[in-house]
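Letters are used for the chains, namely A, B, C, D, E and F, taken in the order the chains are written, and counting of residues starts over at 1 for each.
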Amino acid sequence: MDIFSKLFEMTAFGIVTYKTVIMWAIAFLLLFLGIKKKYEPLLLVPIGFGVLLANFPGADMGIVAAENIELPDGHYKNLFEIAHDYGILNYLYYALIKTGFLPPIIFMGVGALTDFGPMLRNLKLAFFGAAAQIGIFSVLIVSMLLGFTINEAASLGIIGGADGPTAIYTTIILAPHLLGPIAIAAYSYMALVPVIIPLVANLLMTKKEFKINMKQMDKLYPPKHQIKNIKTVKIVFPIVLGTVVAIFVPSSVPLLGMLLFGNLVKEIGSSTSRLAEAANGPIMNTATIFLGLSVGATMTSEVFLSPKTLGIVVGGFIAFAISIAGGIVAVKVYNLFAKKKINPLVGATGLSAVPMASRVANEVALKHDSNNHILQYCMASNISGVIGSAVAAGVLISLIGG
Amino acid sequence: MEQGLSNALNVLIVGMATVFMILWLVVIIGNLIIRVTNKYWTDEDLKKSAPKSNHPSASKGAVAAIIAAVEIVTNGRGKVTKITKQ
Amino acid sequence: MDIFSKLFEMTAFGIVTYKTVIMWAIAFLLLFLGIKKKYEPLLLVPIGFGVLLANFPGADMGIVAAENIELPDGHYKNLFEIAHDYGILNYLYYALIKTGFLPPIIFMGVGALTDFGPMLRNLKLAFFGAAAQIGIFSVLIVSMLLGFTINEAASLGIIGGADGPTAIYTTIILAPHLLGPIAIAAYSYMALVPVIIPLVANLLMTKKEFKINMKQMDKLYPPKHQIKNIKTVKIVFPIVLGTVVAIFVPSSVPLLGMLLFGNLVKEIGSSTSRLAEAANGPIMNTATIFLGLSVGATMTSEVFLSPKTLGIVVGGFIAFAISIAGGIVAVKVYNLFAKKKINPLVGATGLSAVPMASRVANEVALKHDSNNHILQYCMASNISGVIGSAVAAGVLISLIGG
Amino acid sequence: MEQGLSNALNVLIVGMATVFMILWLVVIIGNLIIRVTNKYWTDEDLKKSAPKSNHPSASKGAVAAIIAAVEIVTNGRGKVTKITKQ
Amino acid sequence: MDIFSKLFEMTAFGIVTYKTVIMWAIAFLLLFLGIKKKYEPLLLVPIGFGVLLANFPGADMGIVAAENIELPDGHYKNLFEIAHDYGILNYLYYALIKTGFLPPIIFMGVGALTDFGPMLRNLKLAFFGAAAQIGIFSVLIVSMLLGFTINEAASLGIIGGADGPTAIYTTIILAPHLLGPIAIAAYSYMALVPVIIPLVANLLMTKKEFKINMKQMDKLYPPKHQIKNIKTVKIVFPIVLGTVVAIFVPSSVPLLGMLLFGNLVKEIGSSTSRLAEAANGPIMNTATIFLGLSVGATMTSEVFLSPKTLGIVVGGFIAFAISIAGGIVAVKVYNLFAKKKINPLVGATGLSAVPMASRVANEVALKHDSNNHILQYCMASNISGVIGSAVAAGVLISLIGG
Amino acid sequence: MEQGLSNALNVLIVGMATVFMILWLVVIIGNLIIRVTNKYWTDEDLKKSAPKSNHPSASKGAVAAIIAAVEIVTNGRGKVTKITKQ
């Protein structure tokens, strides 16, 4: 009898509730989306598994709220104590996520994979990466009307930046208790870009606009000057851009600075290729695993099963849609005044979600005219959308979190 | 609440203004760098890079074939960076 | 004169004792075993070098006892202070080992290298991975009779699980002062599997049993159903198994959860291969270096040169032998009742020590009958032995450490 | 001491019971997953994977030769994952 | 109006001073040297970018002085609090640099790339790696005369060791406030070895000396014994050397111990090649990125724009020159007494700066006699120079820092 | 100041003495290891390593060609470690 009671106590049966089961279902759903549907598997699989780990009652793998690591004297538990008291996922979370460390590190890797070439070759199009940030700020207002605090609303809005690390970084600083649902919404909608972009584009664009051929436009109105030394331009660009952005929006430096550093060591070429390979290989992959698992582990049932999660799911979608619409409308307005027309799909990709948004927009264009290859043009605004949302995040952190 | 909303509206205006300004700077800076490099760094680099892109000892077709073969063979990990006559 | 005294003070001559020299000899022995005898070189070389580093008097590289990092107010020194006061190996030890972090991380890499295929194709054989854990629990009792505390006895017993990270993880939690000798015993006996398995098998098995041919048995009594979609099975298996195990033995989640996560990202295939490669490449290799060096550095002469070390060496061997015997006997009992006989060597590999145990068992079988290839069958119980000992570790931690 | 030993005996019984239960669950779960996937996921995946495992443009012998060559050549790092007709 | 003031407050215009602009210029200069001039790009590019990041006012990326993390009760802020209060670069700096962790880790990677073969084949030449440390200790005295404290003077002198990680490790322990300028001076002068070595050699060597042909000397006076089993020698050497050095200069163990460990796992060969590849690949590259960025980030304008920086630039050059001269003079003295003459360039490479010093010396020799290939001989003293400066660092730390 | 300088001079003497001693030990140790291994470890290892360096089934020229080819093809990442007759 004694033995059986011991055996039972050791198991988690006494503490599994219906909420636990719901969380498992959510974990299975995320894993299903990541594995079977291939929705951003690099993130959704670790996040899904992290949700599972966090919701095994008795395993103590779920991330505990920040109050638990606060000490009465205004200090915090140290990392050794956190690991001892709450296990390895809390250790990872408080060492690497709550410190705001991993998102800039991932951005360094993203930078080492990014090619600013298409943007530099069509610089004017970078401008539309600005318009596509409107979803961030309009959903900020909408969600405050729905009862979110301004910090929560800003974190919700940043989903409309369509950039995972940026959304996570902003949320860590402004509303860490919403980290799980916001990260999941961000990555899910990024995975749904092939559905959302055509949806919004069909609502706002005319058939004629779908057929605007960027290459023909280039022939009719050729660009003023060609780039004669692309390698030097690509090396100088991240240095100068970093300096200028840092002066205007210092709070965006951790993200943009690391992105541009990663890009710089890539563009320098062979003499720093060891660093670029480390940044976009082992460093980024390790960061992705630890980020995914610990972000997933923040999703305990208490945190996730709240009305706010529903608000995030809906609000995130709206933010995405408005951002896309913002980019499209901006192009349409531009076209009213310019001779050299631009395909509004190029505005839609100002959203970010590199490079999937561009591929989707290109496919949509090809469906309307099988000769209309707009990929390179889309990439210009697509990459500038990354800069745009990192800047927007800096503004939010500076004005709201400061 | 109203206080909060007016605050949020401020954030929207400042935010979009900043984003537009920065991406406008991206355009400006990019164009500036392109023009400056076009003017001052072109020739020397062209000379330097020219011989690198030549494969003096092998015909273009052969080179393409080798490159393709290597890419298939190494699954994209190996790249032909230089082919020299021995 | 002054200069010479300075020179002498700087050296370590004044503090080298005969104990120091014994520890160096042990370090050289471990390095010899790892390098020349190729006994688990990936672990024994770093451990041996760590022993050497820890026993250079005056270098302050040896791991200090936990009392040294306790503060009077019930808190602990933070990692920055530990590095400052006790150097980089203590920093590594208290940041990565004492927190229980690295063993699950290595298990993630092991998972990304493990193929559950052979086990899934011969599921029934997995059962014998349970019987081969008996060494863990019987040595627990024996070593208590010899004067070990229950915590120490459990850590000693877990050597019989024949799984390095599991032994280290359990010892970190239950009896960290024995970490060095237990880790070395575990890895040494794993390296000695080619000696120990034939020894025990020859004692317990008849010639007829050595010749039981598993493939012929499969022909005589073919399995009920084939696996038609092995890829899906392999993806679903770690998810479901993780969930079920977590409900029954939550305390095994840090180990098994990470093992199954690593396995999952491997089995998903190309869409998460970046993560799998990171897990079994840079992450696992880095973890191995830091684990080996700091585990070795726990072996200062005060800790190692105690009668308990001898007890660990002897007890560990007994635990290994009993585990193997348990697996063999379990098969023999099964064969009494079943028509489809199983080669008892398949039980012996329930021990773990993947994949060396299977290779050894296969060679033994081939020696008795050169047509008797049993590798795939051995792998089934061999892999299940890893699960078995991780579960056993969870039970020990939950019942004794909780 | 006796208290300790009886405790240890308890651990032995609970421990071995748990280990057997879990590995019995492994067998059950494994069989269940195999049966379910055999029933529901077979056809669609077979269809999907079939064309992948075919190398329509090259004979089996040639493919084997290429794969072997690449493995030797790249010391196992390069793998042939796809061979297409151009 | 309100909006514009908000916008302005968010930017950094209010706090950019002329000092900030000077620091940017220095950052651009470092990037220029690293990228265009290819001066040690692996270090100077991250350091340069780190300087840039640290001097974006308002971004809070600059390393704060150690006083800021001291608590009134004699303890220090924990890493979580450091990240929270001062951002990710301070987190990196206080977790990885100030703890003295990364330089030994980089040394492990250096070890895994080092081949002691040339040194073992010409052991006698190793002796000249000692003479070339004289620059370290003579500049120590000179700089004390110029007003540096003894701790600062020792850190300045160690630049003459021509070894980056050694210079950084010594400075972290003895004079962390000078870390930025000393690291930059060390790496810059290492990059300038092709200029400095010929300069000093031309001052001190006669034409006849330049033409001493080492291979002919070997023919005239052949070595006593050949190495019949180089693999075993290379495996045993790091173990024995580590032990002996550790007894004599325990304070050099963190550096030399890790160097020799890295070398050991490399020389063992395939059975530990996973560890060697991790050590000289992802681990070393990641360490280089984080080291470079955070060392650069120590260079805030307050720290850098001081007269001491000028002293470091000048003193570092003198230390380099004296070290080279020491090596050359030592050979000349040796040649006075020995029949078998040695080319004094072999002494010059005792400096370290592996392998560039050897390549430069070889080219100089070839310029005077196109048949005079001395590369392998230079490598012998070059590698021994690394050991020499690590030992010198140990002496400095032990006598001054202890 | 004088105190400091005399201290520094001490450091110079102790430092250079130590550095020379250690590198002298490097020479001694190195020679010792070489002699000991020459005496005790030579034969057994020569026998063991001999067959490894032979490529029994392929002529030296062919091997060199293959190795060179692989190095070109894999850009130095792939190495031929073994060539066996099948």
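Please note the rule applied: a contact is a pair of C-beta atoms (placed from the backbone, for glycine too) under 8 Å apart; a residue touches a chain by one contact, two chains touch by 3 or more.
Everything numeric here is computed off the predicted structure, so don't read it as measured data.
S.K.: Please identify the chain with the largest separation between its CA centroid and the CA centroid of chain A.
M.R.: F
S.K.: If you line up contacts by residue number, which pair in E-F, C-D or C-F shares over half of them with A-D? Let me know.
M.R.: Interface equivalent to A-D: C-F.
S.K.: Quick check for the class: compute each chain's Cα centroid; which one is farthest from the centroid of chain B?
M.R.: C
S.K.: Give the chain pair, either C-F or E-F, that is connected by more C-beta contacts.
M.R.: E-F
S.K.: Averaging over Cα atoms per chain, report the distance between chain A and chain E in Å.
M.R.: Taking the average C-alpha coordinate of chain A and of chain E, the gap between them is 40 Å.
S.K.: Taking each chain's centre as the mean of its CA atoms, how far is chain A from chain B in angstrom?
M.R.: 22
S.K.: With chain centres taken as the means of their Cα atoms, state the distance from chain B to chain E in Å.
M.R.: Roughly 33 Å, centre to centre.
S.K.: If you look at chain F, which of its residues touch at least two other chains?
M.R.: 10, 14, 18, 73-74, 77-78
S.K.: Residues of chain A that touch two or more other chains: which are they?
M.R.: Residues 6, 10, 77-79, 248-249, 281-282, 395, 399 of chain A touch two or more partner chains.
S.K.: Residue numbers of chain B touching chain A in their complex, please.
M.R.: Interface residues on chain B, with respect to chain A: 1, 4-5, 7-12, 14-16, 18-27, 29-31, 33-35, 37-38, 41-42, 45-46, 49.
S.K.: Note which residues of chain A are touching chain C in the complex, please.
M.R.: Result: residues 6, 10-13, 16, 24, 28, 31, 34-35, 38, 41-42, 45-46, 49, 52-53, 56-61, 77-81, 83-84, 87-88, 91, 281-282, 285-286, 288-289, 293 of chain A touch chain C.
S.K.: Spell out the residues on chain C that touch chain F in their complex, using ranges where they run on.
M.R.: Going through chain C, the ones touching chain F are 2-3, 6-7, 10.
S.K.: Please name which positions on chain E make contact with chain F in the complex.
M.R.: Residue list for chain E touching chain F: 119-120, 123-124, 126-127, 129-131, 133-134, 136-138, 140-141, 144-145, 150, 153-154, 225-229, 231-233, 236-237, 240-241, 244-245, 248-249, 384, 387-388, 391-392, 395-396, 399-400.
S.K.: Enumerate the contact residues on chain D facing chain A in the complex.
M.R.: Those in contact with chain A are residues 10, 13-14, 17-18.
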